[in-house]
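In the two complexes below, chain A is the common chain; its partner is chain B in one and chain C in the other.
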Partner chain A sequence: MNELAVKFDGVGKRYRHFSLENIHLELPTGCIMGFIGANGAGKSTTIRILMGLVHQDEGSVRVLGHSMPAEQAKAKLDIGFVSEDMRLYGAATLAWHMEFMRPIYPRWDQKYAEELARRFDLKPQQKIKGLSHGQRVKAALLLALARRPRLLVLDEPTTGLDPVARVEVLGELMAALADEERTILFSSHNTLDVEQISDQITFIDRGRIIDSDDKEAFLDRWRRLRLVLPPDVAVPRLPGVVEVGGSGRLPVLTTDRFEPAMVSVCNELGAAVQAVDTMTLEEIFVANVQSRRERLTA
Partner chain B sequence: MNYSMVRSLILKDWYFQRIAILLSLGGGVVSLAVVAFGGQAGFTIGLILLVTIMVMLSAMTVMGNTIGERENQTLAFSMSLPISYVEYTTSKVVGSLLIFVPFWLAVVGGCVGLIVAAPQIHGFFAYAVIMAIEILVSTCLMIAVALVTESKSWTIVAMVTGNLALNVVGYLVAHIPGIRKQMWGTAIYWNATATILVVIEFSLIALMLGGAFFIQSRKKDFI
Partner chain C sequence: MYTQYIDMHSDIVISQSDSRPMYLQIMEQVKQRVAVGEWAPGDEIPSIRQLAVALRVSVITIKRAYLELEREGVIVTQQGKGSIVAPNPALSPRLYDEEFSEHLEKIARLGELLGLSSEEIARRTKEAAKKLNECRPDETGMTGAGTTRAGTTKAR
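Now for the complex of A and B:
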């Protein structure tokens, strides 16, 4: 078992119109966790608590062995943070930012910073206010990566990027993952981005963690079963069915606990299994959120 | 306290305020020259210019260093650095004061020097010192409000309040018997009334900045 880079234990935060409740989250060292949620689900609040920028009302948070927010200064020495709403100083150049950060971080890697600037096609002498949105995100990512952090926290970094810039940013992130000791928490509402780079997935909705598992486990256990029912056969009761769609004679069952044996169970119960469809992460996320919301309103 | 981190943040703020600092210094020198060599009209105009430049410098410093961080969304970048809230607050308070105070000291020193050099206005010495410190009080009010509220509107309210207070305090101090009696004389004086007023002013500064640190240390949401 790896050491935990991040551990949330029963964390809660209440605002007037939103609350984060009973968040338990464990991110082992060296893992890349995709943190997926709709807009306003609580991703940014969770990440701000992780960074010590927002204090939790209850529960404990440990990041890289430090208690947050009390030891945030020590923890942040080893964290690279990029968020969608974070801006660099527009009046200064990228080179100025690099010079500013170099003495702050003992592991700052100037060679790597310059290499990243070339790969991202960034001119260090250009002022930040003259950069496009994509270039600004790349500049922020450069500053986060060149400090060689043990934990990289990315809050919707690809939001608003054009497809080319998105591919470049994701590519660089994947290259950064070559370092097995580096842990990454990557939040997004874009499941495609998360699916590409993550090996662990956590879903959050309306301030609560609704599911968390290995990406492969998610993809393995979620399936859609397309059935054909003879006139006198009812929809089989299968474990983990979160949604029954389709028409009366042609039901589509979505399950989060699929096992190959389910097919023979269906056949034994008289229902013909027409197809077993795999699901994309986006489909899994939507089905997960919808089933939970339906359970809550039922 | 991570002093090297606080120092880095202060130097960063100085870097972004360097044009305002240089312009203020240039304006201050010109204004002092007008006060010194501009005759009676120049004395009045120069003093008004000096006060205006000091108010502008404090406003630009606070707006740029503190409010600007939130408005330009650079606060998340600053707070992602290895610092605590207290270190951030310290860097803002000390950084703003280190921009303002040297200029303020130079201007106050220049004014005091001019008063000392001109026997006919020696009586203004105590009044000038009290009012100069009042300008520092107004600046500290603005720094404290900007830090605590992080709001441009409230900081403008604090700036207007500080400037109005400057006029009101100027009027009231000039009418306090202990000050008024000597003000139009030709001898430099300092009495217990002047000391009490200066102590009150520095107490207000300590209260405002201490209050800002206290409130900042209890804040739960920093972004």
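Now for the complex of A and C:
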């Protein structure tokens, strides 16, 4: 199945102090995309536009084949959305919420909901207001997952969760993907989680998508080259170097376009390559954002 | 009773602190299972999605590992039917060889920083290899020295 679950084409939205510009996003069915950005970068706005909660000023948005926000009612029957702003009714129990959802969503899976409650260690008879933050997040996820939606849209699903709860949640998200027709888009600060489970990764900064690629490609492209220069040799100029750090004799080049040939080029120019380090997704993100911001102010 | 996918295929354990790319770790673990005979030639192995769920690792990473394993001749993927261990799995040491060379370069550099002569470096490398052998008397095919016929004796 090669259809796109989500397609943003040239989407823009202007607010007084912030604007989202030229957002292109393509999420194939069956994939999971991690959406990373600093606070205020535009993640939540993008997600709200995806859900039809905010109407874009320009560009088109298609979700599960439906045009948004025009066809949002139809689209939402197949979307499970969890965000921090969504509040469950404090005075009601989890079981009440489960009963509430059941008639609305045709694919509601009661057995799965009960199974999730067990796995997440939640008591359905407990009132929402009595739950801790982590339990509330898991409760909201349970309600979204049990609807067996074709698309899951999650804003910070593991933020604020203890390490054990995080593993449980990641496990359930992956389990949902066992069905190839299901797609997940999640935004997160937790780069370790994003690095582990994402197929596709998108970076957003100051209202613009600054990079989007498949996860393995990101991890393959970015490297830190640690060089040792003899006293009379200058730092080699290589294409695709986004940052030069370290000291005069021990420069560290950060590149987003690594090729093994770069090592031989350095050697030919008299620079010994001491190490070629891989980078974590977090390091890649920070380097990407910082170099971009520097280029803009230069 | 818990659903079976939770434990059936998660005998593969990934270390977060291992700095190598995830797909390489997975490849190594699959090859080890074949090497010791736990996964015999012709055996069905978890599908890409099944393993992704069990390990909580993205499908794209498992896919990459499986593609490389197929390229190396360790597994065979049948269209629409999942993957099996190859009838004559080639436990090629190619990747190990690259890693080995990388480490050798590091040793040479560190040796130089320490002011060791190349003879001294060689002597200490030899010592380390000898020590390793003394601790592991009855492994099969774990040293990566050439191809191994999987499915050999399981008896100890």
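As a working rule, the second predicted complex is superposed on the first by the 297 of 298 C-alpha atoms of A that agree within 3 Å, B and C clash if a C-alpha of one lies under 4 Å from a C-alpha of the other, contacts with A are read in each partner's own complex, and residues count from 1 in each chain.
Quick note on the criterion: contacts are C-beta pairs under 8 Å (C-beta built on N, C-alpha and C of every residue); 3 or more make two chains touch, one makes a residue touch a chain.
Note that the coordinates shown come from a computational prediction; the quantities given were computed from them, not determined experimentally.
> Look at A:270 in the shared chain and tell me whether it touches chain B only, chain C only, both, or neither; answer first, second, both or neither.
After superposition on chain A, A:270 lies in contact with neither partner.
> Check whether A:239 is in contact with chain B, with chain C, with both or with neither, and answer first, second, both or neither.
Touch partners of A:239: none, neither chain B nor chain C.
> Does chain B (first) or chain C (second) touch A:10, or do both, or does neither?
After superposing on A, A:10 lies clear of both chain B and chain C.
> Look at A:178 in the shared chain and tell me whether it touches chain B only, chain C only, both, or neither; answer first, second, both or neither.
second
> Between chain B (first) and chain C (second), which does A:65 come into contact with in this model arrangement: first, second, both, or neither?
Neither partner.
> Report for A:48: first if it touches chain B alone, second if chain C alone, otherwise both or neither.
first
> Answer with first, second, both or neither: which of chain B and chain C does A:196 touch in the superposed model?
second
> Across the two complexes, what residues of chain A are contacted by chain B and by chain C?
Common interface on chain A, chain B vs chain C: nothing in common.
> Under the stated contact criterion, what part of chain A meets chain C in this complex?
So the residues of chain A touching chain C come out as 30-32, 167, 170-171, 174-175, 177-178, 180, 192, 196-200, 214-216, 219, 274-275, 278.
> For chain A, which residues count as touching chain B in their complex?
48, 51, 53-55, 57, 72-74, 76-77, 79, 81, 83, 85-92, 96, 100-101, 103-105, 140
> Within the complex, which stretch of chain C touches chain A?
Interface residues on the chain C side: 5, 16, 19, 21-23, 49-50, 52-53, 56-61, 64, 106, 109.
> Which chain B residues qualify as touching chain A in the complex?
Of all residues in chain B, those touching chain A are 2, 4-5, 8, 12, 15-16, 72-74, 76-77, 79-84, 87, 220-223.
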